[in-house]
Amino acid sequence: MSAATRPDGRAADQLRPVDLRVGVQRNPAGSAAIEIGGTSVLCAASVEDGAPRFRERRGWVTAEYAMLPGATTDRSRRERTGPGGRSKEIERLIGRSLRSVVALDRLPDVTVTVDCDVLEADGGTRTAAITGGWVALAQALRARGWERHLAGQVAAVSVGIVDGQPVLDLPYVEDVRAEVDMNVVATADGRLVEVQGTAEGAPFDRAQLDRMLDLALAGCEQLFARQLAALEGGAA
Amino acid sequence: MSAATRPDGRAADQLRPVDLRVGVQRNPAGSAAIEIGGTSVLCAASVEDGAPRFRERRGWVTAEYAMLPGATTDRSRRERTGPGGRSKEIERLIGRSLRSVVALDRLPDVTVTVDCDVLEADGGTRTAAITGGWVALAQALRARGWERHLAGQVAAVSVGIVDGQPVLDLPYVEDVRAEVDMNVVATADGRLVEVQGTAEGAPFDRAQLDRMLDLALAGCEQLFARQLAALEGGAA
Amino acid sequence: MSAATRPDGRAADQLRPVDLRVGVQRNPAGSAAIEIGGTSVLCAASVEDGAPRFRERRGWVTAEYAMLPGATTDRSRRERTGPGGRSKEIERLIGRSLRSVVALDRLPDVTVTVDCDVLEADGGTRTAAITGGWVALAQALRARGWERHLAGQVAAVSVGIVDGQPVLDLPYVEDVRAEVDMNVVATADGRLVEVQGTAEGAPFDRAQLDRMLDLALAGCEQLFARQLAALEGGAA
Amino acid sequence: MSAATRPDGRAADQLRPVDLRVGVQRNPAGSAAIEIGGTSVLCAASVEDGAPRFRERRGWVTAEYAMLPGATTDRSRRERTGPGGRSKEIERLIGRSLRSVVALDRLPDVTVTVDCDVLEADGGTRTAAITGGWVALAQALRARGWERHLAGQVAAVSVGIVDGQPVLDLPYVEDVRAEVDMNVVATADGRLVEVQGTAEGAPFDRAQLDRMLDLALAGCEQLFARQLAALEGGAA
Amino acid sequence: MSAATRPDGRAADQLRPVDLRVGVQRNPAGSAAIEIGGTSVLCAASVEDGAPRFRERRGWVTAEYAMLPGATTDRSRRERTGPGGRSKEIERLIGRSLRSVVALDRLPDVTVTVDCDVLEADGGTRTAAITGGWVALAQALRARGWERHLAGQVAAVSVGIVDGQPVLDLPYVEDVRAEVDMNVVATADGRLVEVQGTAEGAPFDRAQLDRMLDLALAGCEQLFARQLAALEGGAA
Amino acid sequence: MSAATRPDGRAADQLRPVDLRVGVQRNPAGSAAIEIGGTSVLCAASVEDGAPRFRERRGWVTAEYAMLPGATTDRSRRERTGPGGRSKEIERLIGRSLRSVVALDRLPDVTVTVDCDVLEADGGTRTAAITGGWVALAQALRARGWERHLAGQVAAVSVGIVDGQPVLDLPYVEDVRAEVDMNVVATADGRLVEVQGTAEGAPFDRAQLDRMLDLALAGCEQLFARQLAALEGGAA
């Protein structure tokens, strides 16, 4: 597959342009704005006293995810009668991913809620929320003097099979026609936190799965560098 | 009252710094971002086919209002079990205000929904939503070739009585200790669309009401100029 | 405008016939039935232990408002999936108005709920609820020996502009065609608690606003006399 | 059991004082106010176009039941998140009872909704709602010229066993200590529409059941006379 | 009426075949599966700490009732927005019936919830739930060493009038065309806990009521024997 | 890892005992009961007219998933205020998996709903639901004469890493202490429909991922044989 065959001219293993800024909201303990191609997510990490009892951990990290109505081509309805199945599923994914790099039992009895609000959607909103959410979380923990309880970095990216070819970081136009859609959440030491691959059309074989994992892990490498650069206020 | 007595050093009749930009979102027909002091609202105007039957008007303009959880000092809970009483009241106010300058019966059979999402809150979010919402609405109507059905400009501002003194455009710190809180929605030809004055503490007299109206109408004059400047892409 | 031009032959500054009775329900600490023209509202003030924590006041006064299905020309649906936006807005108005004349910090740790149920609706139901609700509240406070915490009287009335003329106390038939609809809540010492004016059609100017306020304050004067007469068991 | 042993001095087979008035609301097609002892219910019968499809009958009669918050000794909470189990059960009972005397297939394609709102509760609210609801329904059918589709009269009364003795028409004070609580819905030709007997404490035997039915049917006889008197505008 | 006239060839006073097994689920303290004709209900009795405060009893027994979507001829919708009116009514009936034979004040501070899930429905699901629910409850109380707080046996059966004839234990095909539908809950000492008779078509007279009660009590006699046999692990 | 180290003595690559029966409910077009170890799921496939419009496919297959309260060690609450996030996520997984082997565009305009109700839960309920759901679906399609639109078999199984060792088909006791939890949905031709791997504790590496996939695909092979045996009424 030549780079020219993707709608935006990218190579199969190339990320869209990434912009990642920290401290974009005045009130939350941590916040970050991430843009990756046409997807833009605002992430805010708020610290509140008390962790949910049933979790049996000292501290807790959770996430909420929502889309602004104007984020999509057609106006998307606010989820005012409770989050839909899709939102809940995404919230659970973001929460699990962020918790995988936090030493919950060393935190005080607090809940850190990472709110991820999608301002513009063009594919990969849940993976952008994880990547940006980690930056907001890191800033919040640092602000409270708890940065030592952050055990590592976590980032995420989508991969898929489009026209039979494995490709990295799918925009909406590729996503809707992908045969396979997969999200990979990884840590900076090269391990996997989540692998969620779904055949939308024909099922996929083991060789395709392996190629998608290669692409995703290489993409995450670049995102880890961007996260550090944003936190340090330097250019990536 | 000397300017020095307000927390941010403003004179009683002075607006906070205003920044108003148009076309900030890719998908909706119209969009605007308004910042007034520490308050920041994203307004998106989406056009959908069909107006609500029970309205007995050809076209319709409505509004939704929500606050991002990180917009406030303490994280505010998402309204996922339906908008609260306060949000509904604000949505009705924004909708009525915008409809006051649209010739609904000349629109086609469409509903324009103006979504107002508060990114940062520091007082005056509902009035900022009206002022910015009008810009998003104007851009949307222009994009569809319906600008002739926009009968005029509408803007809004808060006034109040703080320490016995009528003041214009209250930030949160003044709002919580105001004796009277009032929102005024006005049109560019100097008339009133809405006057909502509430005594939070001691009731107010007619002379105080008159002084507040003077302040509000002068403040709206400045906002009308900003709206036009934003739409024309010029500096205000 | 001559009196003859109003549908029921009243002068522009004339209230509809008022009937106000106290103690009409056996169970609540206070209750009142108010009829003003074709509008009939049953008000009950119940005292329960405990005030809402987040209010930071010792005692609390709140209101609920509902319409019986048979109160309107067409049967109105019960609000069984939560109060609608309109009901919530009205409940907030009634609550704020009644609280404006109660010394909440001198009350014990109780909540007084004033339930306003509209038995028959013909315009002005929210203002009738405030006027009647004050009588129910006064009876309840008296029954508990807390009448000294009632700082004054509050009453409310609607005004509007119909066919270009400011008029007092609009029945439904005038309300639906009014250009401006305004509710005024005032205290017996001549001050304002709430001013809510809405242009349903053309916006209004300052002179019209002043004339409406004159009408409303004169109307409230008559309602204050009726409230006292009802409480004292005398004829009005 | 001597009459003197009941709290209000009634004989075991005696109804409480009954007041039944028709046409008490201006808007609904039919309405009635029934007072029986300390229980007071407002019944309104509204006619709307269209019957529910799944019923497979041409016309339909249904009921809604609610209690005003001030109707009970302690304020009862409004059922704003849907009717509770008890209300739904009562609504189904009222609806079935009224339908038992209407020729649904001869009605046009309409739904008659009989709203029963309890203004004051002192036992027997559901049976009062049936007795009064029939009067409202009869007035509504007459107003539309459909009185020939009303096949008969239906009324209801409570009976129970208190201190081992079967008694008629229980006020709240008897109801809470009754061993058995039973509602009987009967038609004017002496037949039974509903028999709902519940042992709250010890179960009851066949002889007690028979005695309760005797009391109930005699009580209904008196209520049928009151219904006719109310409709004919005569004194009972 | 000869036995041959019923759709399944039974005599008017004959139960459908009954199968009742205890201990069918691994987790709950007690469980039972009851099949009566084509109706199959799984009953589970779970013991949880704490009784509801407002009940003013030391322990509490309550019930929940639901139908699996595949239990009915046409798929029945899950009650995911709260139990419907019918389910709530049935749950209240099952709970009351089971409580009638438990010494609640001698139980510890626990709630026993008896879940009744209908796997297959062919009439009489609520009465089967009571009969089977008692067995699950008895096993649970025995498992906790509280069998002495079980004061007796309770069982239930439907009766009705079909084609003018009183018949016992109606399957769905009879139920839908029954003129009268009646559920009887009885105790093993021959007394009545609940009698719920409803005329779906023409009202019924006293003689018919008596005949239905005779049939129901004889049917319950057989069910009491089955309950004991199931608990004792013997054949019925 | 020796077989003896698993709580139930199984080898790392061994399934729990499987029992799979077809046609267990009378009413739905297809039904199946699957037991795998201590997990028991009832699957019912109902066919209803009409497919959801927004799907843009001629026919549709969807799934609902629920747990009976008594299925778990502690009673699990019914999801009566809407399915929880976990249930929705599972329902989406089951639906997608089943659709992957159905030619939706060749089906008539119908929706097949596969209801999966968990009677007993001991880990792997969602994968059992997919494996059993396919059998119910196959029977339903066959009953309607649509078996040619079933493009293949789909089955699912859980794998995980427990104490550092990849193992197949985790019961609850292993599931709660697994470091990695993964569900694999595969087709009989050896391809993957879904891969969902989640690190609950430490992230996992690529070699571990590969070993888990090997185990899962071998496990699915055995399940495909059981599905065919059940449908053909033979022993597996």
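So that you can tell them apart, the chains are marked A, B, C, D, E and F in the order they are listed, and the count of residues begins at 1 in each.
FYI, a contact is a pair of C-beta atoms (placed from the backbone, for glycine too) under 8 Å apart; a residue touches a chain by one contact, two chains touch by 3 or more.
It should be emphasised that the depicted structure is a prediction, and the values quoted were computed from it without experimental measurement.
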- Query: To reach chain E from chain B by way of touching chains, what is the minimum number of steps?
  - Reply: 3
- Message: Once the contact rule is applied, which chains count as partners of both chain B and chain C?
- Response: none
- Task: Count the residue numbers both chain A and chain F use at their shared interface, divide by all numbers used there, and answer same if that is over half, different if under half.
- Result: same
- Message: Suppose chain centres are the mean of their C-alpha atoms. Which chain sits farthest from chain C?
- Response: F
- Chain centre separation in whole Å, for chain B relative to chain A (CA means): 34
- Note on the structure: The distance between the C-alpha centres of chain C and chain E, rounded to whole Å, is 52
- So what's the Cα centroid distance for chain C and chain F, whole Å? 60
- Item | Multi-partner residues of chain F (each touching 2 or more other chains) | 82-83
- If each protein chain is taken as a node and each touching pair as an edge, is the resulting graph a line, ring, star, complete or other? ring
- Note on the structure: Residue set of chain C touching chain B in the complex reads 82-86, 88-89, 91-92, 96, 100, 182, 186-187, 189-199, 202-206, 209, 213
- Message: Show me the residue ranges of chain D that touch chain C in the complex, using the header's touch definition.
- Response: 25-28, 31, 38, 42, 44, 46, 48, 64, 66, 68-75, 78-83, 113, 115, 117, 119-120
